[in-house]
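First the structure, then my questions, so here it is.
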Amino acid sequence: MNLVENDLLVKSKIKSDAYELRNKLINRFIEVRKLSLKLVSSLEVEDFVIQSMQDVSPTKWHLAHTTWFFEAFILHKAVPNYESIHPLYSYLFNSYYVQMGERWTRNQRGWLSRPTVKEIYQYRNHVDNSMIEFLINCSEDELKKYVSVVEIGLNHEQQHQELILTDIKHVLSINPLHPVYYKKIEEYKTGINQINWVEFAGGITEIGNEGKEFCYDNETPKHKTYIQPFAIADRLITNGEYLEFIESGGYEETTLWLSDGWALVEAEKWKALLYWEKKDGEWFYFTLNGFRRINPDEPVCHVSYYEAEAFAEWKGARLPTEAEWELAADNLKYEGNFVDDENFHPVPLSSSDNKLKQMYGDVWEWTGSAYLPYPGFKPLPGALGEYNGKFMSGQMVLKGGSCATSKSHIRKTYRNFFPPQSRWQFMGIRLAKNI
Amino acid sequence: MNLVENDLLVKSKIKSDAYELRNKLINRFIEVRKLSLKLVSSLEVEDFVIQSMQDVSPTKWHLAHTTWFFEAFILHKAVPNYESIHPLYSYLFNSYYVQMGERWTRNQRGWLSRPTVKEIYQYRNHVDNSMIEFLINCSEDELKKYVSVVEIGLNHEQQHQELILTDIKHVLSINPLHPVYYKKIEEYKTGINQINWVEFAGGITEIGNEGKEFCYDNETPKHKTYIQPFAIADRLITNGEYLEFIESGGYEETTLWLSDGWALVEAEKWKALLYWEKKDGEWFYFTLNGFRRINPDEPVCHVSYYEAEAFAEWKGARLPTEAEWELAADNLKYEGNFVDDENFHPVPLSSSDNKLKQMYGDVWEWTGSAYLPYPGFKPLPGALGEYNGKFMSGQMVLKGGSCATSKSHIRKTYRNFFPPQSRWQFMGIRLAKNI
Amino acid sequence: MNLVENDLLVKSKIKSDAYELRNKLINRFIEVRKLSLKLVSSLEVEDFVIQSMQDVSPTKWHLAHTTWFFEAFILHKAVPNYESIHPLYSYLFNSYYVQMGERWTRNQRGWLSRPTVKEIYQYRNHVDNSMIEFLINCSEDELKKYVSVVEIGLNHEQQHQELILTDIKHVLSINPLHPVYYKKIEEYKTGINQINWVEFAGGITEIGNEGKEFCYDNETPKHKTYIQPFAIADRLITNGEYLEFIESGGYEETTLWLSDGWALVEAEKWKALLYWEKKDGEWFYFTLNGFRRINPDEPVCHVSYYEAEAFAEWKGARLPTEAEWELAADNLKYEGNFVDDENFHPVPLSSSDNKLKQMYGDVWEWTGSAYLPYPGFKPLPGALGEYNGKFMSGQMVLKGGSCATSKSHIRKTYRNFFPPQSRWQFMGIRLAKNI
Amino acid sequence: MNLVENDLLVKSKIKSDAYELRNKLINRFIEVRKLSLKLVSSLEVEDFVIQSMQDVSPTKWHLAHTTWFFEAFILHKAVPNYESIHPLYSYLFNSYYVQMGERWTRNQRGWLSRPTVKEIYQYRNHVDNSMIEFLINCSEDELKKYVSVVEIGLNHEQQHQELILTDIKHVLSINPLHPVYYKKIEEYKTGINQINWVEFAGGITEIGNEGKEFCYDNETPKHKTYIQPFAIADRLITNGEYLEFIESGGYEETTLWLSDGWALVEAEKWKALLYWEKKDGEWFYFTLNGFRRINPDEPVCHVSYYEAEAFAEWKGARLPTEAEWELAADNLKYEGNFVDDENFHPVPLSSSDNKLKQMYGDVWEWTGSAYLPYPGFKPLPGALGEYNGKFMSGQMVLKGGSCATSKSHIRKTYRNFFPPQSRWQFMGIRLAKNI
């Protein structure tokens, strides 16, 4: 059964008890699973294999790993006599789930020519079919038991869809032939307004998620926190503004940088953002839409925390805290430039009724908050508890999603987190300041 | 003029205007500077030279660097025609003060045989004499201008006195001959009471320092924060309790550890604390008082954040936040086992009127709070602003001081900070939990 | 024009002057170029991309690099208006020919997904057609000028054909799925005779190549050398004999090893040969014919110099010098197990009229001679002089070719060379001793 | 008993049987052991401790290790109830003698502050006294049994005396204070004659040592070899000549260098020799006589094999082989600038009756021969066999000794060996060429 062609056929077979839940879940399952294949449809077979740095995973690994998730956490548990297509796939495509057994070393993911891309598509098909059959036919009790695991699996796949884009961008970027992932012609805008500072009085406020709808455990519990009065910028920082920072010597001025950030700038000889390159006096960048002249009006992207923090310092401002960001995001209309829009790149600010613009989509926004469990946090039990509850030290929180994020994946309380040196994700800057 | 022998002589020469301030400052200057030499008086010349790992600096470097501070920030600025004893010392003994010029690479501090220890003593003498002469004779205006810099310099030296002890402990510890820094005979105690959990209601509270008395800039400003209800242990975790963690397999149990912590445990093959060693079925440790059988009743020491966090997890508890710790420390009698007590090692709990015991001294207490600037923080201007305002990401806050800290150096609002993997400092564990 | 299908067509177009030379050269050109494609015909596209360690190059790189050679050294020089298929290919597929311009970093060859395998086939076709056209039509003068360059290019490609096999073997070997390159069923032989020691009186002898027929410059000049009396084994060491070395503790016995060899054994935890693996008490190895139980009668293969030397020491023997090997190889019938035989693996000794057996093919034989220029050596001028004349220190000479070598590529005076730790080539052991 | 003051006393106690042998051996023992202390007499205690790179050992380690040799190989075996001064010294001061037990890791020799320098002097005294007592009183049989081991021990100490000088030179060189080891005022010479090329007809010749007098096992056996006709330079290459190589772009010209040499030049950014530094347009070097302007007439020193080879290539010449050097050294008067002359630095050529000048002393001369065992070589049995018989691959032979070598230590057949990148020894260049 091929996912793309047989939606109707599926619908006709769904068991009648809990029909609506089954129907909705199967639809969402098909939709999410299809998107993964759509996102890679313009790639050559060779592109699926490359691991261009340790943070990057090969595209085919993403396709297999997200598939393994449904096998490991649902099919092997719920379907008697379920057989995997190959006994070693579980070993090859487990990632960091220590509790799920031994794993193939992360930094050797780019050494595996087999299974081939074709075989991984067969693997996906096998698991898709088994999953849909399961969702069509299982008892209502089982359905209720596994509905949240399916939801986690689909959100997990959405996260990897974002990684597929960020990783393949890196893979293509290091190739001197400058391959184009997706061609999109685009007019340059002619200007962006000054930042407006939107003020908030602060005080005791509640942040985090009650967990009534699906969310990751790291967003819980909803809890009180005290916020000082602050102002936050009504839009993202642009390439043009970041260029001023570069041209005014930002990468040479020690005092702007965090101590460990500066050590990195020196060690890695950072002179500009990842993917930026100066040729004959003009600035270019590598994008999924090709190698192009930098558009000054787009939100700046691929910024590390260190760079975001130094830029803010240079501007006499700072990054918002996670709590400030959540407070500021209250009562906004949910809109933005998501993966659904197929830009695969941030776009210049367009008009909006929201007081704060570009809060969702375009680029993940660095906050000045360290990624730590919320007061009263309890992880999920078992291996799924490793999933997002696997806290680590030294990472910073990002909010709001990016142009590589699915619109159905993100929400106000969503907590993304990366080490301060990371920049290959679609990450950008919104400023805040004390008032 | 030798610091030890000429206190009276100094006193007789002090200028009459602002006599009390001068007198007090000179006395404190002499007292702090003397302690550095006292702390190294039992060492051999060869001990002063070694850098046994990158974190460690040679003892003679500490002695010179603390001296350089007074030269760079006071004498060269305030004393016309002041001449340093050698033009290269400033290059050799600057540390991370980027604004003060080029520096000798940190990880090559152990490659310098010259200047000799004797020459560094001469350097100290030269600077001490110049400083005292300056404090005796300068105008009242200048005195007022530099009094806070002197205070920073002395606090800076007190920090390095602590580092002298932690670093020389490491240097001696890796020597198979087990040299003894200081011989202290000690009776083993026979038992420690169960932990009592002291409860706090939380709510809005104020933490941080107003800055009326001397404090580091990173302690400011005093600001409001919201604290959930919590309970905190009335004493430190002991060696005996930590031993149970080890013996019950704590170092093999992935799920207890932070993700990056576990990666380190595996990479470094950690099986116990730094300085701990099992010989013929019994546990020993290297201490400044010699290589000894572990005393189960002493506060556990040389614990990394990762180990503290995993231990807390194992106990079903957690580490206190910085704000919780400060709230809990309110209204306690200021007492503890400091460097002034010359134990150079944590000691078992003795009776105290305080509800919370061992809050100061013995061991620095890890908190679960990342080291970030307080809301509204403003660093000192210029190079001194690099001093503690030099924030870095990925470090955690520690509170309360240790057996290597001077009693006159520490206070409730003091913020120490180290990376989560560090363990060569005198660091330990106090637990907290939600209620 | 496709190389495989159009031999006859080519023949009909050859210019009449120097017809025989053209004909012979074109035939050889077609034959060698075809073999490269034949050797990779069983691979999946994904296999062409992987660089599984720094020594290994991706298969597609080999196919492109050997093609680049003809472009750089012939077409761009001899054919006016010759156009390459892409301006960057020269940058991407140059290897270490420093004189030919900037190069893509060697250890990042596995990061390039583009050009695709298909595009590289097109590149080969383009160059093949241009080369054949050139050889058909060029003037006789030009033909004579370039004939030796063509010959070098074809020998260069033959070397890379050997590397394609050794590299793809490594790529497939690290894959837990154990892909099979080429399935060949094989009977196990039942025994091999004891080694016979063939004695040589030595004295003054001549080694090296006069250079009348094609040879590499490093084989010249032919020169006198003095050889002490010696004996040399009449056959190669077998897997069975090497297994005894392992089982008797050879990898634990320091005194058998060269000093730097032992350091490597300890650092890399070597316990057996590359590709060998003990499972449930039995020894297996990965071969191009699959993952199989070790055949004790085959010549041992994938032996580093360190292991060969330690084995010889353990046997109370030594490795032959290069001069001894050449003297011993005089007057033998030229026979062996070459790539032409399509075993892609060493085979057990079969009967032969030669007094010394297995001297050619099967495995390269380590000598105890360092790779240094012969007395009176003069490298070729220009970039081609870099080719084999590019001496390096610390490498050892190997003789005789392997099961991955073309029969038309090797000869008695051929000097192969590798660092002592290398073992991914088809390398084995023949013993010698003093008499 | 102090070695310096009690020679007469010793003499009076020597047993009468084999008096002459005992007397001679004791005298030589005292002489060599005294020299080690004399060589370090100008150092500060701190200098003894430093390991400034992995190749370097701390001076105090050399003093202790050479002492340990006599303990391990003589006193512990021959003297009943001999007691070492400390049970762990054997562990700390063994070097690579794997057969003598576990060792303290080489690259951590600079981490040991204890035993102190004073304690190591006491250790030397203890062993000296025990050795002398043993040599005075042992039976004639024992004396004969151990005489060659004493001789190896003394030669071993002479090698380490050379290392003490080369290592302390490195330690002092990296110190920005430029400490002076030994002040020697020196006039600059005004010129050196052109090189004369001395020709040799070659043919069969014998090299190596018969072993009648003391020699290392790696010099044996004496054996025939065939040498082509060659010419060899009558003097060493000077600083002035090497400077021309630098100034003409030698360090930028790829084609002059061995392939691995060039890789190193690029990786390490070599622009001149070790210890050379250009200041304000003029060249200086660090020497044991201070930091000085380069004397163009001195033999060039601290040259790696790679640099020597590239220089020779640039000159259109080559390095001599080991066999050529030995043949050329026949029948020369034994003279040179040795450690006995207390220059601790090469000196400009002075007049000599020898046809070939500066063959001994000044600088070790790189040959183009790899360090491999001679045909028929048999190592000494047991741990002493590890001593020089411990062959390693990838090292090159050097001949003739240096200004840091004892005159009584070196001879024509002496084989020194170092990796091609080493340059901290006193190593230089003599050219050869084909005729």
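By written order: A, B, C and D. Residues from 1 in each chain.
To be clear about the criterion, contacts are C-beta pairs under 8 Å (C-beta built on N, C-alpha and C of every residue); 3 or more make two chains touch, one makes a residue touch a chain.
All figures in this text were calculated on a predicted structure; none of them were measured in a lab.
> Tell me which chains count as touching both subunit B and subunit D.
Chains touching both subunit B and subunit D: none.
> Determine, using the mean of C-alpha atoms as each chain's centre, which chain is farthest from subunit A.
When every chain centre is compared against subunit A, the largest gap points to D.
> For subunit A and subunit B, what's the span in angstrom between their mean Cα positions?
40
> Using Cα averages as centroids, what's the distance between subunit A and subunit C in whole Å?
From the centre of subunit A to the centre of subunit C is 47 Å.
> For subunit B versus subunit C, what separation do you get between their C-alpha means, in angstrom?
62
> Which chains touch, pair by pair?
Every touching chain pair, ordered by label, is A-B, A-C, B-D, C-D.
> Would you tell me which residues of subunit C are touching subunit A in their complex?
Interface residues on subunit C, with respect to subunit A: 44-50, 52, 60, 86, 88, 91-92, 104, 108, 110-117, 171-172, 174-177, 179.
> Which stretch or stretches of subunit D touch subunit C in the complex?
96, 98-99, 204, 223-226, 228, 254-255, 258-262, 305-306, 368-370, 372, 375-376, 385-386, 390-394, 396, 419-420, 434
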